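Each structure below is given as structure tokens.
Note that chain A is present in both complexes that follow, paired respectively with chain B and with chain C.
Up next, the complex of A and B:
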């Protein structure tokens, strides 16, 4: 299978081209082409993973591209598990879309196929240049698909917002890549491809630590843009204007995790960079907490899930940040939650899509009592909610528990428990907001103004059941039930096979003290307790109605007002964009008009003036010209004479 | 045999007269004549050097040059004729509208 690894991102590209040009003429707008292409990618991905799993080897294929840039693929354990997840979830969602997006145009299938290609490219790229290209490709597809219903003004502006906000992150990432390149040229002049990840890892110790801090913080900025970390999270809730399948594929399972993947991919650089991992941990924990609070009050079912996604991505960042104490195992823990989250969050989104399909509304205040009419959707969504809340035997319990434990080890090891406490409190909020949504949608009396909801067709429910199964068993199966932490150890050892990434050396360079921290077992019950309390709070308020939710949700409640306005997000953005940005724009305009335009005006005016003087010589009288010619020739001859 | 220097001196004198005539002429006819003088001084040079180097090609060039001068005179006088028809005079100082 190894020799076919390069086909993993290429097959969806073929799918994109075929669907775009032939889709209109094929049955079902050619939606089966991307499904087949991505099924091929999935089979190859799984085959490659099974092949390299026993030995833990690394597949690296590289070709010369131009100048100092190569094009190539790198499949190590980290990339292999990610490839399997991306292609598998994408396949499931494509099958679901065959029904959900029926008759909405072949452009949708083409673009999701292109997106999948880009995402697989991000995962498989062996150098930062190709990584960045794929990264931009997924950003473009995200923009196109958020604005898929571009005749709707809110969708068009949400697409623009997503594009512009992620652009901030992309510029930071690009700056980080430039600085990496400059450093590699300077400190590792013998390396053939300075942007190749393997070359960079080999030469990390040659780069000054503070340069690495700068680079990694810029990378983190890029990751924050893509993964919706504070303060660049503002685009993700609006991105829910796109089709629900797009939200499930791009804004829950795959693209938004690209930022986390970036940090995991370049983790050796983070480990060697002073302060960076602490920033990662704090950013993650803070984002997890603040997004969960906002998720509590949203009435649009997809927005609840969007804030939940931001919050869960914060958890993954927190896990990576705790690598400051636990080392490379952090990558394994973050990836475990990434994949388990991809399953249950894609499931939740597809369930919400099924609900929206049936009720034609996004507003959970208008739903209620759907469980009796939509049994499969209701129960699969219950499984997804349990997984998100972190109730045992679901996948989310094992993966989130590992993160909380890692954060606790980080807290005990570094003496800084704040990220752990934020993460722990978020568990409570998570359970509350997701069960609030579930109770409001599926129990109680129906509040639908009109229409009779019914269960969705089998093309939509079968993917739900598959994803529900994965959400139930994934993390437990790979990391707990069969003899210890198989997954975390396998992915955590990713960098052992790559030269120059000895954690001891790197952490000494970054000033982190890696250690084994002993955690009291009684602490480990806390997240579970918090999750159960969260579910109970949601059940009390939104099922038993004690206290009545109406009394809490009122415009006079200052906390509610703070949350429903998303911490006064609009005025703050307005202030930043209208005041600060406009101020800078006016300043630059003045500078440009006076200094740049002025200097050019001066040059032109000098030219005009000289011309005015010189044209006096043009008398129009032939004799003057003849005299000038004669004198000039004479002078030339005399001059030549003297020179010779 | 006349030394070549003498002939060159003659050519130079003729050329100088031509230049002076060219620069000082108001009449178009006189200007044309001055140009002919300058051309012919060059022909004298060609012939003189041809004789000096004992190489016939200089004289051949002189013949070409005379033919060229004839053609040039035709064009020049045609222009002057048109100017005369247009303005009633051939004072070149009056033809000064092609300028800024």
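Up next, the complex of A and C:
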């Protein structure tokens, strides 16, 4: 399988081309083409993982592209598990959308295929240049897909917002890549491909640590844009304007995990960069907390899920940040939650899609009592919610628990318990907001104004069942039930076989003190307790109605006002974009009009004038031409004679 | 003297022999069967190209060291044959049914043979004879549409200036022979010259004589009139192929043979290169005829390529010389695709106007308005060619300029690179104007479908332009390897 690894991102690209050009003429708008292509990618990904798993080896293939840039793929344990997840979840979502997006145009299927290809490219790229190209491809496709119903003004503006906000991150990432390049050229001049990840890792110790801090913080900025970390999270909730399947793709498989993956992929650089991991930990914990509070009050079922994604991504960042104490294992822990989250978040989105398909509304205030009518959707969504809340035996319990434990180790090791406490409190909020949504939608009396909801067709429910199964067993199976922490150890060792990534050397450079921290077992029960309390609160308020939710949810309650306005996000953004940005824009406009346009006008006019004058020499008479030849030759001889 | 002996000694001549054979066969067969001539010429070209590529890394001399076969000569032969093949494909449609097809394809192939011999020449005499063979055939080709007064005028002007330049070139060559007593390049390259008025005059005369073919200012004035008046397929061949004959001759005669005079020609080429690119770009700005515009752009491009000669004469660092000459070779290959393609695309439009009986000046810029709707493939390809000529990334033109300009910078001629880059920026204006007209303006004429033969030729050129731009690595390597001849 290894020799086919390069096909993993290529197959969906072929799928994109075929679907785009032939889809219109094929049955079902060619929706089966991307499914087949991505199925191929999935099979190859899993095959590659099974092949490299026993030996823990790394596949690296590279071809010369031009000057100092190569095209190459790097499949180490980190990339291998990620490839499997991305292609598998994307496959499930594609199968589901064969039914869900029936008759909505072949462009949809083509673009989702390209979207998947971009993400697979991000994962498999062996150099930052290719990484960035794929990263931008993901950004472009997200823009196209969020704005898929572009005639709807809200969708068009959401697409624009997503594009612009992630662009801020992209610029930071690009700046980081430039600085990396400059450093590599300067400190490792004999490197053949200065942007190749392997070369960078080999030369980390040659780069000054503070330069690394700058680079990694810029990378973190890029990651924050794509992965919706504070304060660049604002695009993610609006991205719900796209079709629900697109939201599922963005949230689970193809987009938001790219940022976390970026940090994981370049983790050796973070480990060698002073302060960076602390920033990562704080950013993650803070984002997790603040997004969870906002998730509490949303009424659009997809928005609840959007804020939960932001919050969960925060957890992953927190896990990576705790690498300041626990070292490379942090990568394994973050990836465990990333994949586990991908399963249950895809499940939750597809369930909500199923609900929206049946009720034609997003508003959970208008739902209620759906469980009796949509049994499969209801129970699979319950599994997804349990996983998100982190209730035992679900996948989410094991993966989230590992993060909280890592954060605690970080807290005890560094003496700074704040990220741990924020993470712990977020567990309570998470359980509350997701069960609030579930109870409001599935139990009680139906509040639907009209229509009779019914279960969705099998093409939609089968993917739900598959994902529910994964959400139940994934993390437990790979990291707990059979012989301990298999997954975390396997992925955590991803850098062991890559030269220049010795954690001892790197952490010494970054000023982190890696250590084994002993954690009291009694502490480990805390997250579970918080989760159960969260579920109980939701059950009391939204099921038993004691106290009545109406009494809390009122515009007079200042906390509610703060949350429903998303911490006054709108006025703040307006101030930044309208006042500051516009001010700068007007200033540059004036400068441009007068100086730049003016000088260009001057240059073109001079050019035209000169051209007209010179053109007169072209008389069309051969005698003149011959004279020019003779004169030119003569002048050259005289001139050269004088010069010498 | 059996066949094996001939093959083992003269086998390297096979490509030229095959082409000549096909040329005469075409004349004979053309007396009876006209419709297959184009295909025959095409087959001849392909066979010849295959033979050249098979023998790419050959190293042999023939006929008392007057002909040399090395990667440099093979490289240029590949370029010439590619251009000829593109021209033949487009001509299949343009000269379909013409009573004089036999002569046309004969002249085309013979011109190519002449150019190929120039690439192999290693002696003043063989160079001159081959140069004349390659030139005279093209004089006739330029005047081939004899009902069209412009074509006649084009051929006439081309011939007059060509004859004058030949005389100048010959004068320069005889001076060289008079000074050194040898005509062989290998021998010349080992001479040391005493600086005198004679050597100086010889050098300038040779540069002037070859400057005619390369269309360097002020020896360029025939080019716009000829490119505009000649049948467009022939213009494509002249700009993309025949012009390169001037360059290979200059590389051989000046860089290889007269290397001892390098400090002298440094200043000559520096002045000529700067004037040529600036003049070409400035005058191209105001052209309404697309063929004239392409002619001036071709002059400007010659200026960029001539930068390599400046760099070579200025620096003595091997790696920079290699970069400059490799860059020039790569530029020549790319230019064959992008300029040949651009002329063919313009020719497509001219042909469609003629076919649909629309009576206008065939290459006025107005004819191209809204072309993206009436002839989308041609419009798109022309866009790519023009952007390539301007040097936009992901096209062959970008890589070419990158190589030559960086050679200039590494060679310590940053000022030259700056002038060249400013020129490139200026040139984008007139290229982009055509794109704007094709994509934003309303269609003026209703054209009925794009002719297949033209489209095939244009798409092949497009393939070359894009391939060299997106995946330049192996081609740059080949060009650099070939350029090692100059070290």
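Things to note:
Definition applied: the second predicted complex is superposed on the first by the 583 of 644 C-alpha atoms of A that agree within 3 Å, B and C clash if a C-alpha of one lies under 4 Å from a C-alpha of the other, contacts with A are read in each partner's own complex, and residues count from 1 in each chain.
Heads up, the rule we're going with is that contacts are C-beta pairs under 8 Å (C-beta built on N, C-alpha and C of every residue); 3 or more make two chains touch, one makes a residue touch a chain.
Everything numeric here is computed off the predicted structure, so don't read it as measured data.
More residues of chain A lie in contact with C than with the other chain of the pair chain B and chain C.
In the superposition on chain A, A:618 makes contact with both chain B and chain C.
In the superposition on chain A, contact is made by A:626 with both chain B and chain C. When the two structures are aligned on the shared chain, A:64 is found in touch with chain C, with no touch to chain B. Contact with neither chain B nor chain C is seen for A:482 once the two complexes are overlaid on the shared chain. In the superposition on the C-alpha atoms of chain A, the part of chain A touched by chain B in one complex and by chain C in the other spans residues 615, 618, 620, 622, 626, 630.
On chain C, the positions that touch chain A within their shared complex are 156-157, 160-161, 164-165, 168, 195, 197, 200-201, 203-205, 207-208, 212, 217-219, 221-222, 224-225, 264, 267-268, 271, 279, 282-286, 399, 426, 429, 471-473, 476.
Per the touch definition, chain A reaches chain C in the complex via residues 64-66, 603-604, 607-608, 610-612, 614-615, 617-618, 620, 622, 624-626, 628-633, 636-637, 639-641, 643-644.
In the complex of the two chains, the chain A residues touching chain B come out as 615, 618-623, 626-627, 630. Considering their complex, residues 19, 22-26, 31, 92-93, 95-100 of chain B touch chain A.
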